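Next, two complexes with subunit A in common: one pairs it with subunit B, the other with subunit C.
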Partner chain A sequence: MGELLEARNLTKLYGVIIGVNDVNLDLQPGVIGLLGPNGAGKSTFLKLVTGQLRPTEGQVSVLGQNPWSNVQLFNRIGLCPEQDSFYDNMSALEFVTSLARLSGMGQEAQDRAEQALARVSATEFMHRSIGEYSKGMRQRTKIAQAIVHDPDFLILDEPLTGTDPICRREIMDLVTELGAEGKSILVASHVLHEVQAMTDQFVLIFGGRILAAGKVQEIRGLMNEFPHRISLRCSDPKKLAGALIRDLPIDGVEIDQEREEVMVLTKDPGEFYAGLSQVVLATGLSVRELTSADDKLEAVFNYLMAAS
Partner chain B sequence: MGEIFRMQLGQILGGRMKWLMLLCLSLPVLLTFGAVSAGGVSEIKREIDSEIIFRNARRGIVPETSEQVLWKGEDLSFLGGQLKLTEDAILWSGREMSNRRATVIGEGNFIITDGELWIDPTKPQRKRYSRQSGSRRSGPDAATEEIQLGMELIYSIYLFLLYPQTICLLLALFYGTSVLGQELDGKTLTYLFTRPLARWKFVAGKYLGIIVALAIPLTLSVLASWLLLGAVGGMALIGSILLVSLAAIIAYNAIFLLFGFLIPRRAMIAALLYGVFFEFILSFVPAMVNQLTVTYYLRSIVTGIMQVEVPREISRIVGGSSIPFSLLALLIIVSISLLLASILAARKEFVIKDEA
Partner chain C sequence: MPIAELGYRPWDGARTGVMQRWMAITRSEIGIAFGSSKLLRRFLIFAWIPILYFCPIFLAIGYVADPANNLTEGAMLTEIAGEFLSGDALQRIRADPQSFLPGIWSIVFYFFFAYTQSVFAMVIVAIVGPPLISRDVKSKAFLVYFSKPIQPWQYLLGKLATVIFFVFCITLFPALVLYTISIALSPDVGTVQATLPILLQISMASLATALPIGMVVLLLSSLTGNRRIATFFWLAAWIFGEIAFRVLTLGGNFSRNFEPPPWAYFLSLRELTTRAASYLFQLPENMEALFTNLGPAGERLQRSMRGFASDMGDASVIEGSTDVLAATSSGFPPWVSLLAIALLSSLSGALLLRRVTKPVRI
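Let's turn to the complex of A and B:
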């Protein structure tokens, strides 16, 4: 099997807004996570990959073919789009059967639709209209239509959004299973640990650029090189900042007098958190609020962006 | 293409859009019913009947069965309505007639009581007007037919303005323009455009779905309105109105579908402006431009089938093309629209706004 996906100077502009910026990427077949915060360009990238958008510059090829204006490629690609939209008066079975027919199936369309729906545990509700479904049921339906024609390359855009833990588990298992069957899968998500459970191959995208691509270990290492941001709020941020700098491993401090906030940068969050309570107690100040900005993927990506 | 067709049919007949269609198609029937029951139509009929009597009489047509009535030395014989003689005027159906107009001979049964002359309102026999034998023929039915034609014209103009010119345009405005917009707004286009389906099949399937979904209800609505009008004009009238109504949804939907692909999010406004400026205003401008409008050819077809003699100078406004040419012109309009829509569908980017 050749290359799964190849992008060369791939750029997409919407007017003056940059959707995807000069992306160069080579992906081999397998299960790959496309990780980036909301608005990072994931969806634009996937639309370019699935031929829904035409590149402003550069090119992309999927399974060795240019996806733009190439409807035959969709025999081999399955897409679970991000948007939670359906023909609400149809049932899941009707919906998936219709799309199976559009994939060129004849008599077997309904059987194949039933199989696909069974695979995502949707058999129970597949005769009810989609309008009545929960978010999880809708996600399952969306995945069923993406796999009904048994594509070689499955693209899932935020497949876990709004799902409950059981559904989440099942979808993750399905992805792993399909991967084991030899399918290539590109899973887009803005939540690191979700994707981590399905694959250790990652592509990080932010600001329309590919920041890194490779194994998760490499990326984690990369992330560790950048300081974590921790914000503390108390009545005397200057005094607190002084104490923190003196006693804890800190790489930088920003003080916002007005908001009564200290923003700490540290490369060693473990030791920082371990010693923090002692230091705060010693100052006699009371810290009202402590938040780690690093919980947000976006913050991490901002670091990576600055570094690249 | 079959599946897209089926889906479109289901969307129109199964979804919320069916109510819109029901409304569009029941309104004209209600309007016609209202006009008929409010007496508007019977008033027209009575006027026309009286006109028939006078015209026949003016030609000196006296059926053998009629009786001569003399008043102030002049012959008066009337049919249909009520004739009342006063000292110096003749009231016919309550309307005062001049002496000259009253100096006529008609046909009918007369009853004279207490110095008043009453005419039995027996209607003259109706006959289909035909151009070959009609207006130039003399005889008892010549004027009847002439007026009958006038009445048919009034009704066919009414039905034409109601259906091809308004309702069909409106239906196309709702359905044709929204073929793509609906899938874009509903964010469902992705499912269809990421399938191995040639885009022209998408266009064709959607288009045929609309036409088929609309054709039967539209036919029923036109028939209902026609029956309410008393099934006037026979097959030529209803046949031509049905034909142009169907031709109208076929043509307008194709044009508006193209609008949908040209400017998906503003298609409805563009189609509305087109409808008002092109199909209403420009179509009456006798300067070639009206020959670019759909209405012009629809009118040509109606006047052709009903064999209305349209004076040359008016035919440039109303529509003076032959039926085959008109059908060909519509076919060309439809083909070009669908072809362009298919090209756009294959070449243009259709951006679905992201969830975020």
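Let's turn to the complex of A and C:
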């Protein structure tokens, strides 16, 4: 298989609002995470990729073809949209079967729908009305309709939103399995660690522009030039801050006595975490809470924005 | 023991043709409508009740027209036919049924379409039509539909075919049942051949009823994400249009010389479809031929048709066969209705396409 996706100066304007801004991108087949905070331009980018919007400028090619008004291309693409676009009084089986027929399946549509639903562990509830489904069941149904016609390229828009931990795990496993079977998958999400569990290849989008694209290590490398922010809460933040400054690689500390919080800035989070428990034990303090402000994708983008 | 593979498997089967894709939408919508609306199921049964009225008429006409049947043996059917045909007219028809039956059948089918089923069609469309696109507007289902290999026109065709199917359920299908009963009682095989064009008339009249109202209701449905609002729009368009038409043509009840403004007929969608049906059933030609051939013997038939039309609510049909013709051709010739229907359907279709493709035209 050649290029999965190729964008050249891809731009989409909504009047004076920029949805996607001069994007140049080459993606090879595989599982790819499209990461960006809400409003970053992910949905616009996906709509351009799936031919549901026409670029204002530039061009995009998917599986070697221009997706705009290219109905035949949808034989090879499966889309799981973010919104729940269901008829509540239909069952998952009826819904997926009818969409399988739209994909050109004849007699075998129902069998294929059953197989697709089995693949997403939806067999148990596939005869019930969709109106009775939980968010997780709805997500599974949407994924089933996206894979029912055995597409080469699967596009999942926020597939884990609102799902419970078990469903989340199953969907992640499914994506990994499909990827191992040779399918190309583009998973759009705003949660870094979720996508990280499915792939190590990312495209980061923010403000309609591609901030970075590549393997996670490469992006991390970019991030490590900037200090990570780590918050620790304990009864004596001053004492803890002193010990941390003395024994660990730290670039700065902020103390909030009222909240009993120490905010640490470090460019070497790996070494910091490795030595942290030793230092805390030595102080005899009890750390109530340890959070990394950088777990949030916005923080990643802030770093990358600063870098760019 | 081998473990069966129940899971998902790659698929590389042959795909159905493009023309079959829209049928998937129709099939699915019909299933949803039947499954979710008890009112629809009940109304479909109710809308077949006129068959009970028209069936004996066809039975009686078929029976008495057959020279092989003894009129005294089938006294009841003869009596029903006697309501329409005097002794002389009856004898003329029995002598040459193939010349008279097609015309009589066409006229009765026209009444079946114009006075009962056209009203029911407006009602069934109010039940089935409004949610068809408004539901997709609300749930943004376009996104899913257009991520499959179908074009917007196929999507619309699938939705339109759903409305057409339900309108056919109360126009075409009962009319075919009536036709079959009539054929079963027809005097000879020659009658089948002579009345075959009626099948085409029935189909065309059903389509002329279903197409414009289907297009209009889908257009209204596409304007909102709320099915109740779409239903309200439809009922308002139908009822207020009908009232306006009735008011503007009211003078016809009092004066034979009254001429309503021609545009009044365009206010009522039902009137337009009815007039189109009169054109398709060749009502003027059939009536003229029938009454000319039967001459004075057809007087009772003429009276019955006047009475029938009046009973059914067309107050403008008051005097003689020529008035029946006048009622269906006043204002403008009936073929103009057909043209108006075609234009209305095309315009609605174009607007619908714009509405449906709006998300991708940003």
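One rule holds in what follows: the second predicted complex is superposed on the first by the 241 of 308 C-alpha atoms of A that agree within 3 Å, B and C clash if a C-alpha of one lies under 4 Å from a C-alpha of the other, contacts with A are read in each partner's own complex, and residues count from 1 in each chain.
Following the convention adopted for this analysis, a residue touches a chain if its C-beta (ideal position, glycine included) is under 8 Å from a C-beta of that chain, and two chains touch if they have at least 3 such contacts.
Remember, predicted model here, so these are calculated numbers, not experimental data.
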Subunit C versus subunit B on the shared subunit A, clash or fit after superposition: clash
Partner chain in contact with A:77 - subunit B first, subunit C second, else both or neither: both
First, second, both or neither for A:138, with subunit B first and subunit C second: neither
Subunit B versus subunit C as contact partner of A:54, first or second or both or neither: both
Partner chain(s) touched by A:39 [first = subunit B, second = subunit C, both, neither]: first
Which superposed partner A:209 touches (first subunit B, second subunit C, both, neither): neither
Partner chain in contact with A:98 - subunit B first, subunit C second, else both or neither: both
Touched partner set for A:85, first subunit B, second subunit C, both or neither: both
Region of subunit C that runs into subunit B when the structures are aligned on their shared chain, from 78-86, 96-104, 114-122 or 186-194: 114-122
Intersection of the subunit A residues that touch subunit B with those that touch subunit C: 14, 50, 52-54, 71-75, 77, 79, 81, 83-87, 89-90, 98-99, 101-104, 145
Subunit C - residues contacting subunit A, complex: 6-16, 20-21, 23-25, 27-28, 31-32, 35-36, 135-136, 139-151, 359-362
Partner subunit B, residues of subunit A touching it in the complex: 14, 38-39, 43, 50-54, 69, 71-75, 77, 79, 81-87, 89-90, 98-99, 101-104, 145
Footprint of subunit A on subunit B - complex, ascending: 2-4, 6-7, 10-11, 14-15, 186-188, 190-199, 346-347, 349-352, 354-356
For the subunit A and subunit C complex, residues of the former touching the latter: 14, 50, 52-54, 71-75, 77-79, 81, 83-87, 89-90, 94, 98-99, 101-106, 108, 112, 115-116, 118-119, 145-147, 149-150
